[in-house]
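So that you can tell them apart, the chains are marked A, B, C and D in the order they are listed, and the count of residues begins at 1 in each.
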């Protein structure tokens, strides 16, 4: 059990150009900041990214887009990113837009060893084009395939040296599903603790799914849409 | 949000004879003792029980079998129960034996709004008879249907008045899956606490899935197979 | 006078029942949370993985790990729970959410909705909208009755790529409240100061006026 | 001398590699946990929802909420995790468990296994066995070479209802160690004091003796 690596550079050292990556996070919430920085530094390209969103121009996956490292995005919503728009319109970037619940469930299917799932979303829309449709109990469902990702890259709140992960708040989102789905799963954590410190009842992703883990650093945790109310 | 009921009698008051019940627990671990006692007292019958096991002669679902309340068991393993054996051989009881992972996943499918799932277990065996088989990526899978249960009855460790549930140890097993799958879900808990006492990061079953909850009492928590080692 | 966005939200809030689990979309639907009637206890679901969403945080109390599906900073109420996105859409798909309120670009008189894409302009993606409309058992649309050009958004057929078919149950616009029925949009309430004739003029889809149509109370 | 159950378990323990996640079935497989080699760190999975299973508890320290798949009271080791049964079989199905050790009534020379049902006698059910054999990437069977009547359990074809097809990779019996190959059972080791001739006599399925067959070290 030697899962702990020194940092993001070591964790992502063998990700080749052309790889398919799952990347956790919803908007900028819960994104693997350290690994994204290391991927940008390493300069690999032709990547396929399965991620609910594509970051913003100067943060998150937006940094990878800026360096033109991404060949294809598989996402549910990509509307926060001018560079993304430019690359898409110029044909430099492919994009596969799929419903958010379908995205989540196709990740889950991979982690649960299910090759495909029957889902409601998209029936009667262009999402259904070319897909098998079947009626169960009077409702129509689409057959959607499990994702197949070379690497899953997630950020967790706490993790132990065995790879057990715990997420915080809505930073959980897609990350546990992706962690369970990757052929190789890399987790960066805000708090890396010795085994035995986490309550086994509270683990969101058991260590069996996690291959590499490291203590992350310098988290910016940028807020995309700061919304507040006045006191009083 | 008036989910809290006075006890097992009120929680199960409208379960009719002929209903299909999911009942949490693995062996005797994590079984809804209070609800079982109330069902035995109420004397309804012709029940279909979806439960991994059928209890032992004088505990768990065995108590319902003893009163001949069960028409059909849907289980993965039923080998601890002489009365069960007698009723099965005499034709009084139907039994549908299905692989344990298939049982769990058919519960999960119901809670996740998936009508059916593709699963590996049973390919090439009598379990596959009459079922649709499809090859995905070179492996064969069976199409297995989501369960449809009128009531799910589970025991949790902690619960709040909103119905949020937390399980302890291996008493978790099928219970969260069933809690999410029932049309009406009844939870008995060892510790009923006010809302706000449970950490929202640690909830196993969000309250949206739970319709009735009550503080259980007099838990026996019988151990089926006590195995120990000597000190020293 | 046509309703303000706040009044649309307030009218929709009247549809809330005690014990409802509710998913509110981005825009006008988000405002519904401000008008939950006294004595009605509802739990707000945010599809990025939260049940029990509370109001926006006070300034300085924002938590980057706590946002809603519109990526706004939010808070939680006691009794909240976090979960992953598969469970979130699982509970939507399984019909556990009692009411979903969404914005729309177009609604057709058969209950179809279009709210995710304008061809030739940039496609931002459907997010969770297609999952919500395909699975929610009770969907109300909150929107302006007409687009900025003054064209009806209540149509005989959607002209934009649709998000879901036969799924909308009710539409609340700045002009009135409409049930979707086999006969098309059935106007059951008109906004104060709005005439049924104005509604007829501005509705392109099939429209029937309920016999007991009445002025909206907001 | 044929191996004892403990020796079979000890031989199988030699197959464990550092970092393995391992599922041990009921019976002889359970004993494997007692012989994990020094310096080899493995994590035991119990399919009722536990990773990081420890030894049986000391008397008086049994926890009714902490059992293994054989319903025995157990303990946990540091770094353990609990999860529900769907996730448990999910990780098995997704190939995350490195090694599964099971008992069997019969194994065929094509890797089929029968271990769940004897027709006309009471059927207890397959429990998790069908899931495990269908999905595990590496399965070793631990069993006696012959049944109580002295009949071979290594067969050309299973006579009992099968649990899974073409799934067994290796069989360790009281007489030897056998890889399942396209040519059938390939004997790579014989137990101390057991002859290859005895193995030949007691094996009904196709059998080849490896050129480098050697005496087992246990």
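The rule is short, and it goes like this: a residue touches a chain if its C-beta (ideal position, glycine included) is under 8 Å from a C-beta of that chain, and two chains touch if they have at least 3 such contacts.
Just so it is clear, the model here is predicted, and its values are computed rather than measured.
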Mean-CA-position distance for chain D and chain C (Å): 56
Chain centre separation (chain A, chain B; CA means) in Å: 33
Mean-CA-position distance for chain C and chain A (Å): 28
Numbers and ranges of chain A residues touching at least 2 other chains: 105, 112-114, 119-120, 167-169, 172, 200-201
Touching two or more other chains - residue numbers and ranges from chain C: 82-83, 86, 90, 92-93, 135
Pairwise touch network: line, ring, star, complete, or other: other
Set of all touching chain pairs, with the criterion as stated earlier: A-B, A-C, A-D, B-C, B-D
Chain A-facing residues of chain D, complex: 18-19, 21, 41, 43, 45, 51-52, 76, 78-83, 86-87, 90-97, 135
Touching residues on chain B, where the partner in the complex is chain D: 26-30, 52, 75-79, 85, 88-89, 97-105, 107-108, 119-127, 157, 167-177, 204, 221-231
Residue ranges of chain A touching chain D (in the complex, touch as defined): 1-2, 110-114, 160-162, 164, 180, 194-196, 200-201, 203, 206-209
Chain A - residues contacting chain B, complex: 105, 112-120, 136-137, 139, 141, 145, 166-169, 172, 200-202
Residues of chain D defined as touching chain B within the complex: 46-50, 55-68, 70-74, 82-86, 88-90, 92-93, 112, 122-131, 134-135, 161-166
